[in-house]
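Across the two complexes that follow, chain A remains constant while its partner is chain B and subsequently chain C.
Coming up: the complex of A and B.
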């Protein structure tokens, strides 16, 4: 038991060590700091999708909607309300999370493919609103005219806009906060109940668990994490556009989770690293980069159905 | 006082009448077996009692309280739990984790994200006690999906017990088991009945198990009530023999 705990601790130290020192080791492999920020944010999004998919067993195919809502709300706050980065993040998280929670209440009785279809439909509604409402969202051109603001601590200011390394650490702190809350929830009685629902809904119901209420809470939490990631993404790009709401982005998040391993906590982050780095590299070589990612997904699903991290874990217990 | 009272219960699926006008009363501390040929409506009857679906007519009283319209999870909260004909467990969790989920549900911790030290210790103690009762302590850290069929069934019963019910519904607890496993599960049910003083209703095909365990037996046939009595009375009943073996030539 203690040996297992030590191993667990060693893995955690390795993950956080790699993330903390990323700005220093990434350039050695041709990476750059802004890419690291993007990986973290999209990784957080994939982990938020997986919070629902891997740990509650519910597949939402419209989670980009809450991501995009978070991005727009953050951008609009910075542009029209107040030039404060933390305020933008809070506003984005609240708008996306609350919208997700409200609509989630309408769909908790659906299961499987029906749940996925309804989430796509809701997501596309937001996509078309962003696409059409030119005066507010900028339509297809996207929302411009805002930028992340320096963090002002009275004694000193941290310039997030021009210094990529400072911004990376800001994103990392936000990421750590969200991931810490996620891990805390999953280890609690509530989190264990989520896993029980994933494992066997009928059994869980006859343990006296109100399945619909639990799925709704898990869905809403997942939407808040998603919106938080979306708000951060608006800061990464100083830009928000309708494609951040589109269901193809929802699909990307699911691909990241499945590639990395959906029954594992860190799998989606690994999936996001592979996805984003490949995308970054391949898209500079060919416009058909997606077909290479497609081949990779097919191979992973065929040969390691539990994802990369799931495979590693199986080896260890075998 | 009676724990379970069923009055004129019926269930129709379209034109099929799966359960027709069944009444029965189970007293506190009783072990009641419900038997009948295939298609007699036993499992449908269980599904009605446990709230899996609503009856077409009739009423169900639990501890004297009408629970006919209550959803399944509310019946569980009142102290009625069930197991299934095909074992329903959380296969990718360990035995300990399976039982802990049930114990947390019973303690009302489902929505909590934090337990204090005393609560966690009490929970742990209760899970260990349940595992000891069901002879699973040695297998606590194994994944339930990897266990033998008999142990999976014991784990399912352990989960039901962790809910601290006073009525336990067991749907064919020895289905698909070999002699040794059947014996072990029978002994477990016997302990729960004699030592833990649980009121138990069980559906069973294996007549050795039924006659070994039951205080009283209710026989269903083609969705309707056929007979009720002590094991001796049922063994001697001509109507029951006809239902099982067909009309004597």
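Coming up: the complex of A and C.
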């Protein structure tokens, strides 16, 4: 085993160790379990955005739409169809992912700013649908009246609703599953192709790669991950509202990805930790917490354009 | 490049990092557990401190703080001090309000939750408090279902229901102004149920609705809605929006000169909004939920006005100050009555509790109705004044003070089926 590989393994062990024992060490630093669940879910969302942004080089500014669709589909399933948490997750993931895939087909020929604009436009369409369709979505009031259900394994039941620690582990398992699949895709030849497109689209095209098809697949996969995160988020709050579809939330995900480090696998999770914890803490201290986040982003973009993880990595190679 | 004390060059990165570190120290508080003596009773306040409802939200906070200080000066609740933890719920983002409610309950272990000005946020918070079994008083979110079809054993409400507000003024509006009504309604829970209440009352009186403009919360430009409303040629234009939306809407109404062609009025009006309007926009018949200038003044009312003036730089108390004040005092009284802070015991003590004169600060009987946990508070019906009468902040002429149970629908009509947990 090379030193590089050993180091890589050590980092992985450290990350998963920190995540697995989070409910035990977080309270020592003023954290609480529900905050951990939120970090994981938003972190997954940021990683899904980064899957597209960092590894395919395509900036979508409307990804909150798929996040919110996942949340609404999960909530509506729990409320009206069947009281089963896994079913809600599956429904949320499918609805958000399929909708993303269908609209993605219309998007893939656009590039750069035009791609970002069209994604915002599509995202806002869903926002206004959720806002206006009062009888189904609850409009601006949000979707209430559903709650995560216990996991029933015949032999034993796991109460996710009243026990935060169980729910945290449930989220962690879901997170691990999604992140595992994401890592597997990125290591596959398909993942390498994505990076080739990011690095030089024209050269990739000359090599015979079907650019549009690959971007569409990457976009769709990213939407599925996003919708899965959204469905989980509906369970974190037992609530969904139109702001989960709004482009400002897409902006938050991009901020997390940029802050932590695009082009790194774990960067967005780190960005989500910084963003969510800072928001949670600062918003209790001052109503102007957004200014502090804003200052932080300006500093990061000016001085560490590759994000926190990017900076660490640069340091090592330098 | 700058030099350090010994004259060596200091890299720019180091300077920046030091700056960042110093900056971080300013905001990072040491996460050290407080010494655990007699732990204070924690009360979570989750209300708008930013956005269109910032003014009412802050005033509720001031009312709460006054009551907290008064109670702590008298040795707290059951001998324990109380501590108010405030969070900004934003004015219209229910997701944030839910997140803050969870934070207060899960991280800070509050025994009692207060909020919200916004009806939709109140409903969303009520779901959280109910799931967690924490006593919850809604100080200022009016939509009917909170103490109606969605009523919950742990949720009480201090302010009126939208139906009570409609009942308080609709027949007067009808008699004074005419029978064709046009509405400007905020597009969320509060506006929806307030409009339904007014529409039902108007139909009973034999009037007609010429239209209902639904405006998203936080609308700043009402011109399109106002043009439509004027074209419909109603007798009365009812402005149901609140907070900054109310201020903007009435300002634009007076800019367009609409109040000279159509009567402008509404149901709920608040001193916060009225003070923010230009004098010519202060028109029409409205109801206040509490008003400071009362014909039958009492020493406790005078004391309350003086106490609030001290905290607001000389401003008189508003209904929102009173909501916050009542919320904390009602909780304290119920805890003392139950001799416990356990949610179920306190909820039982609060149901059917009557507020003493030094807290209700108004003539009629004020009590929580056991069947739906709704406070029966009076409606102050009257007219806005362009200029202050006697005091620059006396901008409302109270014509009548209607008792709460005279305008409230019966418990059966609200649709509430209260169920205590086993």
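Here is the rule we go by: the second predicted complex is superposed on the first by the 317 of 318 C-alpha atoms of A that agree within 3 Å, B and C clash if a C-alpha of one lies under 4 Å from a C-alpha of the other, contacts with A are read in each partner's own complex, and residues count from 1 in each chain.
Throughout what follows, a contact is a pair of C-beta atoms (placed from the backbone, for glycine too) under 8 Å apart; a residue touches a chain by one contact, two chains touch by 3 or more.
Remember, it's a predicted structure, so these values are computed and weren't measured experimentally.
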Now for A:10: first (chain B), second (chain C), both, or neither, which partner does it touch?
neither
Figure out whether A:18 sits in contact with chain B (first) or chain C (second), or with both, or with neither.
neither
Of chain B and chain C, which one touches more residues of chain A?
C
By the touch definition at the top of the document, which applies to A:164: first (chain B), second (chain C), both, or neither?
second
Which superposed partner A:283 touches (first chain B, second chain C, both, neither):
second
Chain B versus chain C as contact partner of A:131, first or second or both or neither
second
Contacting residues of chain A [partner chain B, same complex]
184-185, 188-193, 195-196, 199-200, 202-210, 214, 217, 263
List of chain A residues in touch with chain C within their complex
28-35, 38, 131, 134, 139-142, 144-145, 147, 161, 164, 237-239, 241, 243-244, 280, 282-285, 287, 292, 299, 303
Which bits of chain B are touching chain A when the two form their complex?
50, 72-74, 76-77, 81-82, 84, 88-93, 97, 100-102, 104-106, 109-115, 156, 159, 163
Report the residues of chain C in contact with chain A in the complex, numbered from low to high.
13, 16, 20, 27, 29, 31, 49-50, 85, 87-88, 92-95, 98-100, 102-103, 106-107, 119-120, 123-124, 127-128, 131, 187-189, 192, 216-217
